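Here come two complexes built around chain A, the first alongside chain B, the second alongside chain C.
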Partner chain A sequence: MRRYVIGRLVQAALALLGVTCVAFLLVSLSGDPAFILLTPEAGESQRAAFREMYGLDRPLAVQYASYVGHVARGDFGRSFAFDRPALTVVLERVPATLELAVAAVVLAIAFGVPAGIAAAIRPGSWLDRAVMTIVLLGQSVPTFWLGLLMIRILAVDLRWLPVSGRGTWGQLVMPATALALWLAALLARITRSEMLESMAQDYVRTARAKGLPERGVTIRHAMANALLPIVTLIGLQIGTLLGGAVITETVFAWPGLGTLVFDAILRKDYPVVLAVVELVAAGFIVINMSLDLLYGYLDPRLRRATA
Partner chain B sequence: MNVRRAVGPGGVVLVGLVLVAAFAPALAPHDVGGLDLLRRLAPPAWSAGGSWAHPCGTDPLGRDVLSRVIYGARTSLAIAGAAMLVAAALGIFLGLLSGYAGSWPDALIMRVADIQLSFPYLLLAIAVMALLKPSLTNLMIVLVLRSWVVYARLVRVVTLSAREREFVTAARAMGGGAARILFRHIAPNVVGASIIVSSFQLAELIIVESSLSFLGLGVQPPTPSWGGMVSEGRAYVGSAWWLSAFPGLSIVLAVLGANLTGDALRRALDPRLRGV
Partner chain C sequence: MRKKPAVVISLVLAVLGLGAPATAKDQWVIAFGEEPFTLNPANKGALAAVSDYVQIQMFDALVDVTGTEFLALKPMLAERWENPNPNTWRFYLRRGVKFHNGDPFTAEDVKLTIDLALANKGSTQNSYLGPTESVRVIDPYTVELVTKTPFPPLLSNISRLHIVPRAYEKVGPDLFGTKQPIGTGPYRFVEWQRGQHIVLEANSDYWGGAPTPRRLMFRFIPDSSTRAAELKAGGVDIITGPPVAQLKELATGDTTIVAIPAVRVIAYPINTLQKPLGDVRVRRALNLAVDRETIAKTLLQGYGKPTGQPFIPGWLGYDPEIKPFAYDPAQAKKLLAESGNAGGFELTWNITTGVFLADREIAEAASAMLGQVGVRIRLVPTERAKIQKDLQAATFDGITSGQWGTTAESDVMAKWFFRPKIFTPELDAKLAQLVGAGSSEVDRTKRGKIWSELSRYAHDEALWLYIHYQDEAIAKRRDLPWQYWAGRGSKGYIYYYIPAKR
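And then the complex of A and B:
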């Protein structure tokens, strides 16, 4: 077990290093910040001073090595736009995105999984067809348009909810729903097919033959075995969720990481872009590692295999 | 194979949209760039103040929304379709190579795929488009990057199992070269699965392209694209709903058509799913 964990940590560190390298190259390809950030009237001497101040006058490999060295010590450089430590700027926005993402995942699980189970219990029924129609629609509506549609109907016409911003519960409803719909549809689809597969297994037939109530068979026997692929799926979709968060946050002016990184990319605020990339990649890796550990809890067979 | 079942209602929608895109100049009631400055922000024909001169209303510059939606079909479908084809070609080739060659090419291709899948794609796409300047070439690169992995992984698995089958052994025994075995004997096995994946990929790519265009990083104005039009209508969502409603509906229709086609094809081509 210990060797396994250490192996995973080394892999994670290598992945982070790779991500940093790609992000760093991409950023350096995009142009000289001294031309983009300073006013056109700035003379060459001012530009040179700017480059020297942020260390941009050194060779790229040296810049990369020094960046990795600083990051390892928790120093992500200073934001060009805010003139404050990039890490502070980024960390301030983390709670907002976390709030949105957690709300969306909770919503998606709360609606998607029961809908998938209900559809699988009686395949071909009106309920099944209704769920699958909603699933198809949910996977076909782009998040940004759904957001605008909700703003128009729920905020402008009906005046039930505030248009945008963050702070009250009412303001969380629309962005979380917009972000959740697509994931809920995907979860319902996978839950349905996993349930159908596990309901056809011998152990379900045995449980039924023993005369167990249908409810118990569905939950204890069929669902328990369908959970693993569902958890895997949620883990795999975290990245897509973060991408969706950029769009959702833009539509609803939600002050999270998505709007921050979008603005930072447009402003060429490299330290902030790189800090967000590091943080997101690290979060992604941590989430997937925790899910691996969760598998052991959900499937006792795997516990013995890794111990 | 039952053709009607294989195509289904989704196929009808898709073919319809492709025809609309192909005959855009004949179908559009107005010139795409044409400004009607006296009728700016006119509502759709059926609401108060609208006229049939502009069935879906006009935008803040007095451009006809319906005509722009029709021309938008060209942009959105052509980009997503072309990206899908390039990604399929690249992904199938790399998948065949990976599955047949094994050893280091396989390891290399699959590690690249893993690394790519472990990073939030849309964030990567936004970064590439913003940092390298939005252009049609960059947009295509970003879309192909999204899609090739799906084909490569699928084709690799099919190739791995086909490689061990008797007809491949027989072909090798008869002195068939690697290229001949790959393209004459193994490749036909991946066609069905690739076609199914393609329609789902088309749906996905239409959404990605329109999302990027919505963020201002995809197709650049004044070229009409559905995502870009929704974005232009965003500021008017409270007053002129038709600006974003019609292009948005078109995206939903196209994606729905592609997804339905995928479902229908899967049922027709995958015998295990027949009757489901």
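And then the complex of A and C:
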């Protein structure tokens, strides 16, 4: 087990290094921050001094080596735009992103999974067709459109909810719903198909033959076996949401990582972009490792195989 | 009766505290599209206009350059000034002014501010000072700036330098920029919720009298449709950059539009070193082929005017006698034929997206019009940073795009657009002479004449593809007594309050 964990950690470190390298190259090649972050009133001498101040006048390879060296010591550099430590700038936005991601995932699970199970229990029924219609809508409606529509109806016309921002529960409702809809639809679809497959297995027939009540069959036998792909999907989606939901955050002026990194890319604020990329990559790696451990818990066969 | 469910839900939401917050009249909420970088005016590097939009409510400068039609100098922390010689500027400071922390404002604070800007070589603020060498305290209320060579734009430029107190050094730049900005201005800092809002409250001891309202809140809402929805729902009172598609709707009911005329120069510089653009007949033909009236009316919904010169109303050098080129495709074709381009030619046009109002749409419309006279345009969407670099390094093909906010002085903009190496030797020699003379003439009237001459020359030689200059629209709640009031040498920098006296 220890060797397994060490192996995974080495893999993780290599993955992070690779991500850093690609991200660094992409952002460095995309333009000169001195032309964006200083107004055009600044002359060439001010722009040259700006590049020198942040070491942008050095060869790319030197910049990269120096960057990796600093990051290894926990120093992500200073944001060019905010002139504050990039990591501080990024960490300030993490709570908002986490709050939105957790709310959206909880909502999606609460609606998506039961809907998928309900649809699978009686395939072809009106309930199944209703669920699948909603799923189709949920997956095809663009988030920004849904967001603007909700704002128009719920906030402007009916005045039930505040339009945008963060701070009160009311401000969380619309962005979380907009973000959850797509995910709930995805979960409902996967849950339904996994459940249908699981319900057709021998162990379900055996359970029924033993005379177990239908609810027990559905939950304890069919559902337990369908969980693995569902859990994987949820884990990966949480990983994606950690990077911030740019569109949802933009529409609802939600102060998360998505809007921060979007602006940082436009402004060529490399330290902030890179800090976000690394944080998200690290988050993904942690989630993947947790999923592996969770599989063992959910599936006794995997547990025995690793032991 | 049909309203019952709505009422019930409203009640439930109200009990849960979910309803839209009420806007008290003693607080105005202003929504911008982006967040300031810092509230530290002596920041070492980056500068965003939006940082200044908030800072000017909290900090004063030595002089203000303000006005709604034309920008004019006005005393601020300096009551008067004089030039003992062309290289020295002496300022007599206002007495009895206090910083927000209670410290008195003196010449030492001015010295610190100027010294910081001189030391921060990688900052825009540094460029405001031009050839300034040093700053001398004569007595607590007299201070002198000494320049290497005469520098006429200094007065207008230092309206952009916000005066920071000596306490700046004790607080330190990071804290000063995020939690403890201290100025002498009409509003003092209350709080900054990252990514969300900045709150300021009125400085009741302000030397110009306490402003109204009691509180200002600046919110950051990136999407223009969301800003418009917030305004309609009453969540905010003033929004900048309303969506063009919703201007009509925002001008009705509880909300209205405040138009600020002629705020932005829109430039399409032509690389005259490339064939066949070195021929003035070709450049004129391009200008004659574009129907700018229609573009201004439709794509800009009137929030822009057709133009035929680089400077716009409010600037030194704007000449109302210079009319836009006529829309005359027949004449354009004739000129092209005369210049040996009867079969037309291919031309690259580098454009931005979302940098100024309808930038992409305008280029697309103009391209179609140019196509009618045989000029086949290849539009190249280009990043803003690259477009700026390519103009300065003269490395763009054909036509490029640019924009410039209004400033009272014309020198920096003139250098930016007319000094890159994109002109034939003959054009370049004349431009060098005009820009050089305009930048060093101390007498304002004479300076204005030189810039007008440049304006005329740039028109006659068709150095740009001229289309329009842009107004700015701001939307607000109709009952809010706010009026547009420009400041600090730019029509784009706006005071978001009502001063005790103007």
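As a convention for this text, the second predicted complex is superposed on the first by the 298 of 307 C-alpha atoms of A that agree within 3 Å, B and C clash if a C-alpha of one lies under 4 Å from a C-alpha of the other, contacts with A are read in each partner's own complex, and residues count from 1 in each chain.
Convention: contacts are C-beta pairs under 8 Å (C-beta built on N, C-alpha and C of every residue); 3 or more make two chains touch, one makes a residue touch a chain.
Computed from a prediction, not measured in an experiment: that's the story for all the values here.
Using the contact criterion defined above for the overlaid structures, shared-chain residue A:148 touches chain B and also reaches chain C.
In the superposition on chain A, A:197 contacts neither chain B nor chain C.
Comparing chain C and chain B on the residues of chain A they touch gives the larger count to C.
By the touch criterion stated above, A:156 is placed in contact with chain B and with chain C alike. After overlaying the two complexes on the shared chain, residue contacts for A:240 are found with chain B alone; chain C is out of touch. In the superposed model, A:255 lies in contact with chain C only, and not with chain B. Residue contacts after overlaying the shared chain place A:33 against chain C, while chain B stays out of touching range.
Of the two partner chains, chain B is the only one that A:273 touches; chain C does not reach it. With both structures placed on the common chain, the touch criterion links A:57 to neither chain B nor chain C. Within chain A, the residues touched by chain B in the first complex and by chain C in the second are 30, 148, 151-152, 156, 250-251. The touching residues of chain B, counted against chain A in their complex, run 115, 117-123, 125-128, 130-132, 203, 207, 210-211, 214-215, 227, 230-231, 233-234, 237-238, 241, 244-245, 248, 251-252, 255-256, 259-260, 263. Of all residues in chain C, only 6, 9-10, 13, 16-21, 34, 37-38, 40, 43-49, 121-124, 126-128, 173-174, 177-178, 193-197, 219-223, 225-226, 229-230, 232-233, 235, 383-386, 388-389, 392, 404, 407, 412, 416 touch chain A in the complex they form.
The residues of chain A lying in touch with chain C in their complex are 30-33, 35-54, 80-84, 92-93, 96, 148, 151-152, 155-156, 158-170, 173, 250-253, 255-256, 259-260, 263, 268. By the touch criterion given at the top, residues 15, 18-19, 23, 26-27, 29-30, 136-137, 139-145, 148-149, 151-152, 156, 236, 238-240, 242-244, 246-247, 250-251, 261-262, 265-266, 273, 277, 280-281, 284-285, 288 of chain A touch chain B in their complex.
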